[in-house]
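Below are two complexes that have subunit A in common, paired first with subunit B and then with subunit C.
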Partner chain A sequence: MTTTSLFAPSRRRVLQGMGAGLATAALPGHVFAQGAPLKVGFQLHRTGIGAAYGRWYERTATAAATAINAAGGIAGRPVELLFEDDATDPKRGAEVVEKLAGPAACDLIMGTLFSHVVMGSAPRAGELKVPYLVCSEGYHVASGALNRWTLQPAITDVRSQIQSMAPWVAANLGKKVTLIYPDYAFGHDHRDFFTAAMPGQGGEVIAQIGIPPTETSFTRYFPQIPAETEVLYHVMVGPAVLTFVKELGEFYGTGARPQLFGFLDSLEAVDTATPGLEFLEGSHFWEGHCRMKQADAGEAETAYRAAVGVDDMGASVSDPADISTYSHMFSCWETLYFIKQAVEASGYAGVADREKLVEAMEAISDLPAGPERPQGGMVFNGKTHQAFGTQNISQIQGGKLLRVHQTSLEDGMYANDTDYTAMSF
Partner chain B sequence: MSFGPFLLLALMEGMVTAAVLSLAAVGLCLVFGVMRVVNVAHGEFYMLGAVIAWFVASVVPGPAWAVFLAALVVAPVLVGALAAAADGLILKRLNYDPEATIVATIGLLYILQQAALTFYGPDARPVAAPFTWRIQLPWFGYSGYKLFVVAAAVAVLLAVWRLMTRTRAGLIMRATQVDREVAGAFGINVDRVYMGTFALGAALAAVAAVLVVPIQQAHYLMGGDPLLLSFIVVIIGGLGSLRGTVIAALIIGLSDGVISMFFTPTLAKILATLLVAMVLVFRPQGLFGQKT
Partner chain C sequence: MKVWGLHLAVLAALALLGLVLPQYHATNLARIMVLAVFAMGYNLAFGYAGLLSLGHALFFAAGMYGAGLPAWHWGWGAAPALLAGAMAGGLAAVIVGLLALRTAGVSFMIVTLMFAKAFALTILYFNSWTGGDEGFVVPDTGRALFGATLAADGPRYALAWGLFTVALGLSLLLVRSRFGRVMVALRENEERARMLGINPYAAKLQVMGISGLYSGAAGAAYALLFGYVGGTFADIQYSILPMLYVLLGGAGTVLGAGLGAALMFYLTDVASSVTDAWLFVVGAALVVLVLFAPKGILGWVRARWWRDLP
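Let's look at the complex of A and B:
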């Protein structure tokens, strides 16, 4: 018997190696990088309470980078993503920013979803003077609470989402609303803006039920829902969302229940056909991007699903039980294309040009629909660093999410609360 | 909702919490009582029980109740075996020194948690309940399975009680608890008793987790809360007292249910922690503990 190893290779191994080398040398030149890669650091919720989002954010961003590189990269440079886990933890988040901006030498950082991690990381990004592009929905960017280096270019914030949908809720579902929301920054945006929006629509919020984001049992909160509630507005996040909706179903059972209006966050990565969720039939959900392929879906939508590996039901093509976080993950795809647009417009060459890059981002306003933006067209406000897009309201019919209303861009516009461009770098 | 039904729901929720908690805490209490080991990794044995239940559910075909029964057998056995191995490989080599075993079980906690993260992943995964019967009361609906959890926990606790008071194994365990050296002098293999006790304690945590996993979901971080609450219960009940542990679990579970519902869950946790502090100040041996 002969043994082979790396140090004493067999003849066959040597021939294989030579063959591979020759084949590589024969590749056409454009397969290789035209220049040094553009390094995009990705702050990823790979573990912790945001893990389901993290898994899909990674897949979506990877698919976008692959598509961009196949089409020639960014300004002729290939884009390289460096994923770093922040454990969905604000303290770790700031450390991840330090690592990506420092030792990993990334040109910019993107990808954070959970608002408490954004709040913990953005100040560090500002200190290190590295562009920090979040995909978080929180109103914290447009509120002026963050800094010149933090932008949210590819997902609408909660304030705008609520402003555009509250009239529909009041007109179609009911006027007396009880809110259930996670008791931290993101949930507080829901609480504050929805409560403020209802009186203008002739409605009112009659109870606010905040639930700690690490809670695992929910039945005990439901008796706080007043009996006269006409609409139950719910938005939950984290690994316990399935428990939340199941217990809600058990609580109401076959008895009378208010209309349900939920943010799809309460069902992200959860199969709508899960046993115990039948009670959701007929209820309405906000969707940032419709999980189930709608009848009028265009080419961009189809191409995006294929690139990321999502089937028409919103599940992974390789595992129908692996449901995507479809309402949010488009923001990774669109943020990467936003980066491409800004880098190419600014002539960005290296980290010394970061200020120029942020200025180029602030100069962008129109973000039309297309392959770069499968969710639909958006408008970017350079002063508030916030993008505005359309929102969807879907109804569960026969276990499927079908869109029944789509807001317009104008529905979600509000006056600027800040002007980051007047702020120093 | 009017006061009566409100209180009923609060008590039902409290009973479920108390049932799961008493199973987990009795395991912790046994290990402390017999071995004088503070097992910080107890919550991770609980988590492993839930994770194994998910694995069983994903490989065993058949109706939900059969899968559930399989998990109810497989998970405690595997977790017990792992605990026995941990006892032989780690705790025994430290001569069950109280300080050293605390540090060692903290290490075990991280090893088990990170192993679950590596091999099972960061997601919360559901296991189907063995049946989906739901009670519809005039004021609210309630999961029939949750009531089954209470009944199952009572049955397991009765079995543990019988084991400790009516069997030879229980007698040997109690003898070792009273005096390890004298028990050894009477020919009891103390090492085997310790290994068996540690395995039994972990298996009880796993049973609690299999019962709870159709209500919650299996997640690698799920061991933290039960560990904290188990410690609270064991300290209030009296370290090493099974009766005290069960009564304390009832007190904590029911008060948690009622206070959470009428006030807030945060207040319930604050009061439970305050109760622990009061017990430690005024009755350090716990409500039913022996003075040492």
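Let's look at the complex of A and C:
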């Protein structure tokens, strides 16, 4: 198992590689991968606004590669991950794609989370004809805005997430919803998809409150929340989350307040027991993958949690203060297994087979739950290049996130908006 | 003659490099040449006329959106889109200049910074039309130029080189003209220039317009050559970057902007391959430069070896 930064591994990476190698050697009965490595470039948010995610994406992908190599690699070849920092910036992201596809000679590229980096990088991936597998949640892939070479095989998109949860929100929390969202693309996706989903559930969005991205205090927006609001849907992100929640608590005080529903994106890498977040007790959150180990967790979940070094509370086993981005990082693990499935199905041998590899990916449909997919089973739509899966709704009880509902896979399905298979390479 | 020889040799070398370099480095060079045009525009304002702007991201982004939005919404081809982008950059610079040039020094920096920030927020606010922070992919029709596609390596490099050549030639002509001496006079002593009969406000407004035209052309070319338009290109870092390119290469030297852009690009590229702390390496290199070669590389060359280097 090898993980390197391009050209020169850092001391930390060498030690990580040695540790992973020793751990692999200690496992009995495994078949070691041989031959030239399959080089997977990883566009990593190591710095910039996505750094908290990037740290855990790197660990998760490394753990997946270690597990795959210990089990014989991909088509008998070891997986080599090459991480390159994109600074969570679309300009640098495109340059990183060029670097990974060019001098680093990667067979394919994966790992991007932030939508603007995906949008900035995908055109170059398409021009360089390198498979580009993103872990982004953005609707940009299934919308048809990108190209034949860009796929999202291991995480659902925000449209699907919202569509599958709106019925539960309307049935259990309330019908009159006020949205509070950051006033840019991420927030607008939530605003538009949730607003569209509610009438079908007998509910309605009675107010939309967009918060400008430069805002540092939210007190003046709270009086805009209509008194008849039954559910307050919030998706604030970034450092302002703590201020937002604290000020919301001060606004309502100990009096009656609407039900709160949010996306865990707001609290990824943040401890739910952080002082100031007490007001969230009893509120509900979407989770892609439950951060805290649930009572019904199976073997695959337990093994995955151990492999990526996360304890039952969702923190690093080596540092309880280092909270994982558990709700999203599973996508790196599952993307690597998706690559394994497609490479082995296509007989991919080198870059000349890339088109064949993409076609093999497009032919994949059923992605069953198991060690390869600890988050749960998925279905991949080869035409839209998008995966569909289950969603979790958790409630904060005693500072812990406990799942109270899991959507069905069908809840998140929607009609195709595009057909990438009809596009030329 | 010696001056023109040097600049023509640089252009010839760049043309040759486009033919012999591996694809990765040729693409890098195309990107560098476009960024160099942006820096040349900044250099005219800052390096020659002494206008320390923190708002050039606005002009670059105006060019990017000026080209990208018509291509996205109305299906414009690359030629009219490029022209529209350049004009948008120039127009934005004149409008900002009309107000910002009533100030000077630190106030000018702050006013230009505020205009740029307001523009960046405007892009986010009109998300449904601009794509907001997520941005949008420029459609293939918008990247078609005289039967070629700018998504291909050859046409991409050719357009970048062509733009760089025009920008370099005009820059050289400009700084060696009477107006070039007016710019330097404004930078060195505005009051004395006024006493010589120069209208500083009008002259600086012209410089802003030309600088904006360069920035807009660069932004438009960047969008069309690399296929993406997004709100981050209007952020403050894109006001800082051309300044760093110019400071590194040599403020007030025609070739300095391009040299600085190339060095900064490869410093980032190489440092990020060697260490996770590449931002620290880039920062440290700039600190060393400011301490030991405050006039930049070509400024240092001019001070020691070639006093007539424009």
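List of remarks:
Quick note on the criterion: the second predicted complex is superposed on the first by the 362 of 425 C-alpha atoms of A that agree within 3 Å, B and C clash if a C-alpha of one lies under 4 Å from a C-alpha of the other, contacts with A are read in each partner's own complex, and residues count from 1 in each chain.
Quick note on the criterion: contacts are C-beta pairs under 8 Å (C-beta built on N, C-alpha and C of every residue); 3 or more make two chains touch, one makes a residue touch a chain.
Note that the structure is a prediction, hence the values are computed from the model and not measured.
Once the two complexes are overlaid on the shared chain, A:46 sits against subunit B and subunit C alike. In the superposition on chain A, A:414 makes contact with neither subunit B nor subunit C.
Of the two partner chains placed around the shared chain by superposition, subunit B and subunit C are both touched by A:212.
When the two complexes are overlaid on their common chain A, residue A:119 makes contact with subunit C while staying clear of subunit B.
By the document's definition of touching, of the two partners only subunit C reaches A:95; subunit B does not. In the superposed pair of complexes, A:103 makes contact with subunit C only, with no contact to subunit B. Of the two partner chains placed around the shared chain by superposition, subunit C is the only one that A:184 touches, whereas subunit B remains out of contact. In the superposition on chain A, A:140 contacts subunit C only, with no contact to subunit B.
Shared interface residues of subunit A, touching subunit B in one complex and subunit C in the other, are 46-47, 212.
Looking at the complex, you find that subunit C touches subunit A at residues 22-24, 27-28, 31, 121, 124-125, 127-128, 131-138, 151-152, 226-228, 230-233, 268-269, 272-276, 278-279.
Touching subunit C in their complex are the following residues of subunit A: 5-8, 10, 46-47, 84-85, 87, 89-92, 94-95, 98-99, 102-103, 115-116, 119-120, 122-124, 127, 138, 140, 145-146, 183-186, 188, 212-214. By the touch criterion stated above, subunit B contacts subunit A in their complex at residues 1, 6, 9-10, 13, 17, 117, 121-124, 126, 128, 132, 134, 136, 138-143, 215-217, 219, 221-222, 225, 257, 260-261, 265-266. The residues of subunit A lying in touch with subunit B in their complex are 46-48, 51-52, 54-55, 212, 215-217, 219-223, 227, 239-240, 242-243, 247, 249-255, 269, 274-276.
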